[in-house]
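Here subunit A shows up in two complexes: once beside subunit B, once beside subunit C.
Coming up: the complex of A and B.
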C-alpha cells in the first residue's frame, strides 16, 4: 500500500496500510511513543483502501480491510480515517485473537493487581479507566483486557482511548495535559476523540497483572453496589468475550477460573466522582 | 423407559465447574458450554461412573444426594432434557 505504519500495543503487533497519507500521519503522531512489533513481524494487518480508484480523491471514502473483514462494514469519510483504522484494528483482535481470552473490558492496575470494568457501550468503561488513571492507577486498556489461559494473568492492551460524546469533555477536564487526536464529530458512533494513554501506561504495557476485581458499571443511576452471583458474572463475561467460543476448552478454563478467583460487583453511579469512591471502597475491602 | 440404559460422555468428556446454584459444564465433543442446575450435574456425575438404567440411577441419586423431587417421572424428564442437550445418550 502507498502508506504504512507499524505499532505494537501490549503483546499485539499491527501493520496498517492506507491509500491515504492522513490516517497514517495521525497514527504516527499519536502512537509515536509506542514500540514496533516484535522482530518487525505484526500479528495483524489492517488495510484502509478505496473501493474504486477515484474514491481515493473524489469524496474519498475509507473501506476497512485486513486479515479479518466484515463484508457489510460501511466505509467512512476520509476525515474519520483514524476512527476507521482503530475500528479495523479492533476487528482484527475481536475476530482473530487466539493467544488470549479477549474480555471486552477496560482495565487498570495497582500494586500488581488488575481491576476489570465491563459493560455495554456508554456504561463508562473508558471514562472510569481514565479517571482512575488520573488518581494514580496504571491504565491497561479501555477496550480489551487480555486474559492469558496459561497463567491467568491480565495483559495490557493500552491502545488510544476512544472517547465518545460527553466523555470527551470529562476526560479533557480530568487530564488536561493528555495528547488528543482530532475531534471527529457525527461519526456512526457519535462524536469521537482519541486520547493518548499516559507515559506510564505505555512504558509498563508489557507488565501483566493478577486480576483482583471484576466490576459491571452502569452510568446514570443512584449510587448502588451489589454483588453479582458467579453464574451471572460467568454468562455476562462469555457474552463480553469476542473469542470465548473460538478458544474452546482454554476459554472455559480461563473464564471459570477468573470467576472463581475474583469477586464480581455491579456498580450503579450518577457521576465519575461517585464511581471512583465506590471503586476505591470495594478495592480497600478486598 | 425404566429398562433403558443411559450413558454419559466417556471419561474426561466433560469439564465441570460449579459456580453457585448453577454449574458450568463444557462438553468437549461439541465445544458447547452448558449451565446446569440440580440434579443435572449429579446425574452426569453418576453416569460418569458408568452407564445406568433409570431405576439404578434413581437409587444412586437418592442414596448420594438429597433430591428435591425423587420420583421416576421427574428423573425421566431431566434425563430427556440431557439427551436433547446432547450431554447423555440412550445406550
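Coming up: the complex of A and C.
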C-alpha cells in the first residue's frame, strides 16, 4: 500500500498499510520506541483504505480492513485515522488470535505477578491501570491480557492506552510527562486520546507474569469489595474473552485453570484514589 | 529485483510445490501468509508446509493456523452429527457436500481446509420433511424476507439458509447442485444414487460426483470468489481418486466443459500446463489478489460478477430480479 508501518506489541507483530500518510505518521511517532515484528514477519495485516479512489481526497473516509474483518464496520473520517488503525489492530486480535486466550482486561504487574482488571466499557480498566502504573506497577496493557494456554502466564500487550472522555484529563493529571496522541473529539466512542505507555512498560513487554488477582471494578458506587464466586467469575470471563469459543478445549482449560488459581474480587469505587487503596489492600492480603 | 507481490500465483505454487518456499524473504513470507488468509487457504498452506525450514515467526503463525483448522474440522464434524441426529427420523439419504464431506471421508482436500457452513444434499421429494425436522431441532431462518424466500424455493438449488439458534452455525440444504434457473441441469437423482455411505450413516458423493460438483460450483455458478480454494479441492480429489470414469460422469450431467476447464486450470496453476484462450482470463480472475490481501483487477472481477448473474438466470428474469432487488435496497 502507499504508506506502511510495522510494529510489535508484546508478542504480536502488526503491519499497517494506509492510503493516507497521516495515520501512518501518527503511528510512527507514537510507537517510535517499540520494536519491529519478529523476523520482520507480522502476525496480522491491517489496511486503512478508501472505498473509492476519489474518497482518498474528497471527504476522505477511512475503511477498516485486514486479515480479519467485520462486514458492518463503519468507516471513520480521516482525522480519526489513528483510532481507525487502533480499532483495526484490536479487531485482528479479537477475531484472529489463536496462540493466547484473549481476556478483555487491563493488566499491571508487580514482583512478577499480574493483576487483571476486567469490566464493561466505562468500568475504569484503562484509568485504573494507568493510575497503578504511576504508583510503580508495571503497565502490561489496557485492552487485552494474553493468557498462554501452555504455561498459564499472562503476556503483556501494551498498545497505546485508549483514554475516553473524562478519563483523558484524569490520566493527564496523573501522568503529566506522558506522550499523548492527538485529541479526537466526538468519535463514535466519545472523545478519545491515546497515551504512550511509559518506557518501562515498553522495555519489559516481553516479560510475562503469573496471574495473581482478578478484579471486576465498577466506577461510580460507594467503596465496596466482595468476592466473586468461581462459577460467576468463569462465566463473566467467557463473555470477556473474544476467542474463548474459537480456542475450544484449550480455551476451557486455560480459563478454568485461571479461575481456580486466582481469587476473583468485585470492587465498587467512587474515585481513582479509593480504587487504588482497595486494590493495594487486596494485593497485600494475598 | 524486488517488486511487490501482486498476484496469487506464489500461493498456488507454494501449495503445489512446498519446497518452492525455501529462500523466501520476509516480505515474501508476509505476502504469502496474507494472501493465504484472504483466500481462506492458510490452514491448507500450514499443513502443506509442515516440517519445512522457515523463520520461527512463520512457524508460529502456521502452527496457530493448523490448530485453528483442527478445531474447525472438529466443529464441522460435530455439526454434521447434529444434523444426522435431527434427520434420523426422516427416511432419506443425507449427503454431506464440500468441506464437511472432505474431512468426514478423510480426504486430502480436507487437510487444513477452512469450513464454514454445513452443506447437505437430500432428494427433492424429502425437502419438506427435512425442513420440518431441522426447524423442530432448533434451526431458524436467517433472512425472513418474503421475496428471497419465494425466490429460493422456486428457483434455487437449496433452501434459504438456516442457522442453529444455540450453536450459531448455518446449514445449506441442497436438492441439486446448480440453481434451477441455470442453463445446465445436472442429474441430481444420479448423484444421490451414486453416493457412498460413511460409517455413521451419513453419505458423501462418489469421487467423480464430488469432482463434478466442485467443477459445477466453480465454473457454472457464482463469480469465482474463493476460486483458488475450490481448485485446490479439485486438485486434491484428482490426486486421491484419479479420473477413471470422470468424462462419462461429466457428460451425464452436461458438465463436460466445466470439468474440462477445471482440469486444465489446475494443471496451469498447480502443474506445468500453459493456459490458452479463455482459460487465461479465468486464471486472471482466480489469482487477482495482492500481497496486502487486497482484491485486485476490478474490471476482471466485475466481468465475472456480471457473468455469474448471466449464468444464473435468463435475461428477462434477471432484469426482473435486479429490479426487485434494487427497489428493496
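Everything below uses one rule, namely that the second predicted complex is superposed on the first by the 286 of 286 C-alpha atoms of A that agree within 3 Å, B and C clash if a C-alpha of one lies under 4 Å from a C-alpha of the other, contacts with A are read in each partner's own complex, and residues count from 1 in each chain.
Quick note on the criterion: a residue touches a chain if its C-beta (ideal position, glycine included) is under 8 Å from a C-beta of that chain, and two chains touch if they have at least 3 such contacts.
What you are looking at is a predicted structure, and each value in this text was computed from that prediction instead of being measured.
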**Message:** With both complexes superposed on chain A, which partner does A:1 reach: first (subunit B), second (subunit C), both or neither?
**Reply:** second
**Message:** I'd like to know which partner A:48 touches here: subunit B for first, subunit C for second, both or neither.
**Reply:** neither
**Asked** If you stack the two complexes on chain A, which partner ends up touching A:38: first (subunit B), second (subunit C), both, or neither?
**Response** second
**Asked** Between subunit B (first) and subunit C (second), which does A:234 come into contact with in this model arrangement: first, second, both, or neither?
**Response** first
**Message:** Let me test your reading of the model: by the given contact rule, A:248 touches which partner, first (subunit B), second (subunit C), both or neither?
**Reply:** both
**Message:** After superposing on the shared chain, does subunit C or subunit B touch more subunit A residues?
**Reply:** C
**Asked** Where does A:256 make contact in the superposed view: on subunit B (first), on subunit C (second), on both, or on neither?
**Response** first
**Asked** Between subunit B and subunit C, which residues of subunit A are contacted by each of them?
**Response** 248
**subunit B-facing residues of subunit A, complex** = 229-231, 234-235, 238, 245, 248-249, 252-253, 256, 259-260
**Item:** subunit C-touching residues of subunit A, taken from the complex the two chains share
**Value:** 1, 13, 15, 17, 37-43, 45, 47, 49, 65-67, 98-99, 246-248, 250
**Asked** Where on subunit C does subunit A make contact in their complex?
**Response** 26-27, 29-30, 33-34, 37-38, 55-58, 60-61, 64-65, 67-68, 71, 74-75, 292-294
**Asked** subunit A touches which residues of subunit B in the complex?
**Response** 15, 17, 19-22, 24, 26, 28, 31, 33, 35
